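Each of the two complexes below includes subunit A, the first together with subunit B, the second together with subunit C.
And then the complex of A and B:
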């Protein structure tokens, strides 16, 4: 009974969020266009970086940047869902959902399902564009499963993070707080060149940045030379566990305020 | 001085003061305009320093190469700030009240752009100081820095006027905010990260060649890397002036239409 009610709450919340996303161009267009734009700008405009001495990523610069943009879109798909949660609180919809839901944990699960659906649509388009642009994939089916699986876990972690913030602040004004930490962590990783080619302070920061393990493992998958896999999945699952607690705390705060 | 001109001067001063004070009182608008360009400068400099080893790269310091970019990013924020402020005036009915006074259109536009220009001067000073402290080179010397300031003001004038035009046409702050991604794309599809002759992807190089933002960046960059490059400066100042003129004319027409409507 309780499991069934949790599922029905999750599915109802997910359906509403997905419907809003797919029918409102203001939500749909940026989440699809921005990753494609970043991919174009990085893979197209910076392709010469692949000729830098000691840049030895065998699948080429397009694949190198595809992986970063894939993980970036995974993370920002979660953040954009946090915006939707905040907007639902501002508009009063979230309060009505909380009153109607017998098991409120299903609300967070519903938003996470919506974020995942958004991410899958974006990834499908991004992958098609990358293949048209001539991206080389040297990994096999298992490697690609690992690549997209890792992106999926990153998406869940980012959704839980942003949902936790949104449920605490309950206003779209919390938007910068949701996206700036994600932006910082992603761009303080090896974005343009492998870690070993970074110099100075950014090398020191990237070496201890958890996002580096995720990006390196994902690049290993696409090039068919998996590396740091256990570390990357441990980091990703650890982030999910941590942000699940964070989101649960946010839900408790939202319940207390309603 | 004729009474008419004196009146115009008073109107510009009053609105300029309001615009500057309003800008300074909104740290939420100001802080990103300073922090984001510097953060991206730091990240790009660290991440792309190796690009200077590509044969034909014009300098050994990616910091010097990239220092031109914050000026353009700062100008993009001026679109948002000037446009959003005016849109708020329209939404709140302030512009309608101004329309009942003897205020002249040019005074309104000039006054509104004053806040953006003050911000641009503060930004340019910050970027130059950060560049100096971080070890960037200034090939054209102190005079070159003065020219960078002049170009930064001209670019801000043009982009700020684009923001005013958008606000006057739409009357909506949200619509002005929607311009940001479009302008952001023009920045990324330019010679921002690599010199055009080193961009190997043909279509990207073509787009960057037709993108005026490339020439604005290259004019500032020439003063930092090569010294006095007449062609780069002519193109940079010429395009910045053309953008400013076109945007001001468009904003004036839009203002006239909006005041007629109200």
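And then the complex of A and C:
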């Protein structure tokens, strides 16, 4: 008789996913290289944007961009995990896992644990590179805890979103559907300049974009002047709750048609 | 005949209907006793795999009910999954993991205590003969190795009921024989109930205690292989005379033993009225009439005959078998050239 529990299933699923991306560079490298590339391009190539009038971010443009790239890597780390889930359905491994799992919610938790591990590796490297590049951190330990904590919640939300899509489509062809909404939400936020410097329709969209609250709060943490913290965490937790329901629906759909 | 023992697998009017498709499973009833090997035989698309998916909780039924290990497959899925092991049609293996890593994954998935995991994995790898290949990535395994590994993975938690969906499809003769041996051992020694789907007549005949024949989603016949074959009737004997001119006298001799049935162009065949025991009499009668025989063959009724009788057509895919069921069901008792029987 199986003694499987949601915990054993989650740990086994996480172990396999982590093992695979640690032993196959092709799975890990993109999730590290893309954030580093974006950071280098944005913080380096666009650093003079920090000199425009009314750009009053006291920690400098490198820190300003670091925060965005950190949250972006958190979100896309979740999307990459969605790709892995879809590939597991396509290849049949998901069926093996579904058969062994008494409570199948553990499967989603396992994938989320793997996504977090991947994100932590990426963030460690990104932070080291940013510090080498001269990033200023004005926030204290508590602020940094808030910054990385927020990124962590974003990662979980994105993982749940992408997993929900993957479990509905059960094919890697669902990749664009996981990726494009995340891409749009992130880039319709104040990426290169603060919200107050945006004008026209982009300002209107960014003002109501939930990602704006997350980015502004995270920038507040690194600059040591936290702002909109409660709103940001409420948005992040709300997204997790919403996408948890979405992922649960995906799991139900997969259970009904695997 | 339905066994009186409590069932390991029980289904009642089980239906699975797909959107815009036919009923893949159309109201089947099943009763599989503990420790029994139940062969679920049918051609491609008959509904075998869909039934297996429902019984293993991977697909909800559209109507009807099923209980596995005493648990309802819809309402008590977790309990069903805890009691069963399954090796489904496509060996769902991760090409990036080694055989040993698969064992680690599966033992962890099933919550085996950490201390037991390695030992159980090694025991099963040894049993299926994959210990030497255990550290190779599964992507480089042959089809037979993957099937064996898949079977071993289904056994890590010592399930009471094992579902095998076409486990030998595409395997060579040696791999098939090894797998049959292991399945038989599991049922005989460990008391595991085995639900085996197959399109190979020989597999069902050799392995299964009872066979259910499914076609177009319905069970068209069920019983032990012997019972099913006896429903069809008696064996036939076909004789090819050495001299084609003796076909007339040969037919007259054979007519004493039964009614004519289909034969090869040069031969004469009758369905033996007295069954297999008439064969010796046939040989003696041919000898007495001095009819020289080139070839004489006894054809016992096969499960394909059962399928033919129940559905009006031969079992699809039977021709795919590397070693046709003829080896088991056709028993050439003599193949003399120029000899008098």
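Throughout what follows, the second predicted complex is superposed on the first by the 254 of 258 C-alpha atoms of A that agree within 3 Å, B and C clash if a C-alpha of one lies under 4 Å from a C-alpha of the other, contacts with A are read in each partner's own complex, and residues count from 1 in each chain.
By our rule, contacts are C-beta pairs under 8 Å (C-beta built on N, C-alpha and C of every residue); 3 or more make two chains touch, one makes a residue touch a chain.
Since we're looking at a predicted model, the values are computed, not measured.
Looking at the shared chain after the overlay, A:249 reaches neither subunit B nor subunit C. Once the two complexes are overlaid on the shared chain, A:9 sits against subunit C while remaining clear of subunit B. Once the two complexes are overlaid on the shared chain, A:134 sits clear of subunit B and of subunit C alike. Of the two partner chains, subunit B is the only one touched by A:188; subunit C is not.
Applying the stated contact rule after C-alpha superposition, one finds that A:19 touches subunit C and leaves subunit B untouched. Judged by the touch definition given at the top, the superposed model places A:98 against subunit C, while subunit B stays out of reach. Those residues of subunit C that touch subunit A in the shared complex are 53, 56-60, 77-79, 81-84, 86, 88, 90-97, 101, 104-106, 108-113, 153, 157-160.
Chain contact summary for the complex, subunit B toward subunit A: residues 39-40, 42-44, 46-51, 53-54, 181, 185, 188-189, 192-194, 198-201, 203-204, 208. Looking at the complex, you find that subunit A touches subunit C at residues 1-5, 8-9, 11-13, 15-16, 19-20, 23-24, 91-103, 255-258. Interface residues of subunit A facing subunit B in the complex, by the touch rule stated above, are 30, 33-34, 37, 40-41, 44-49, 51-53, 55, 184, 187-188, 190-193, 197-203.
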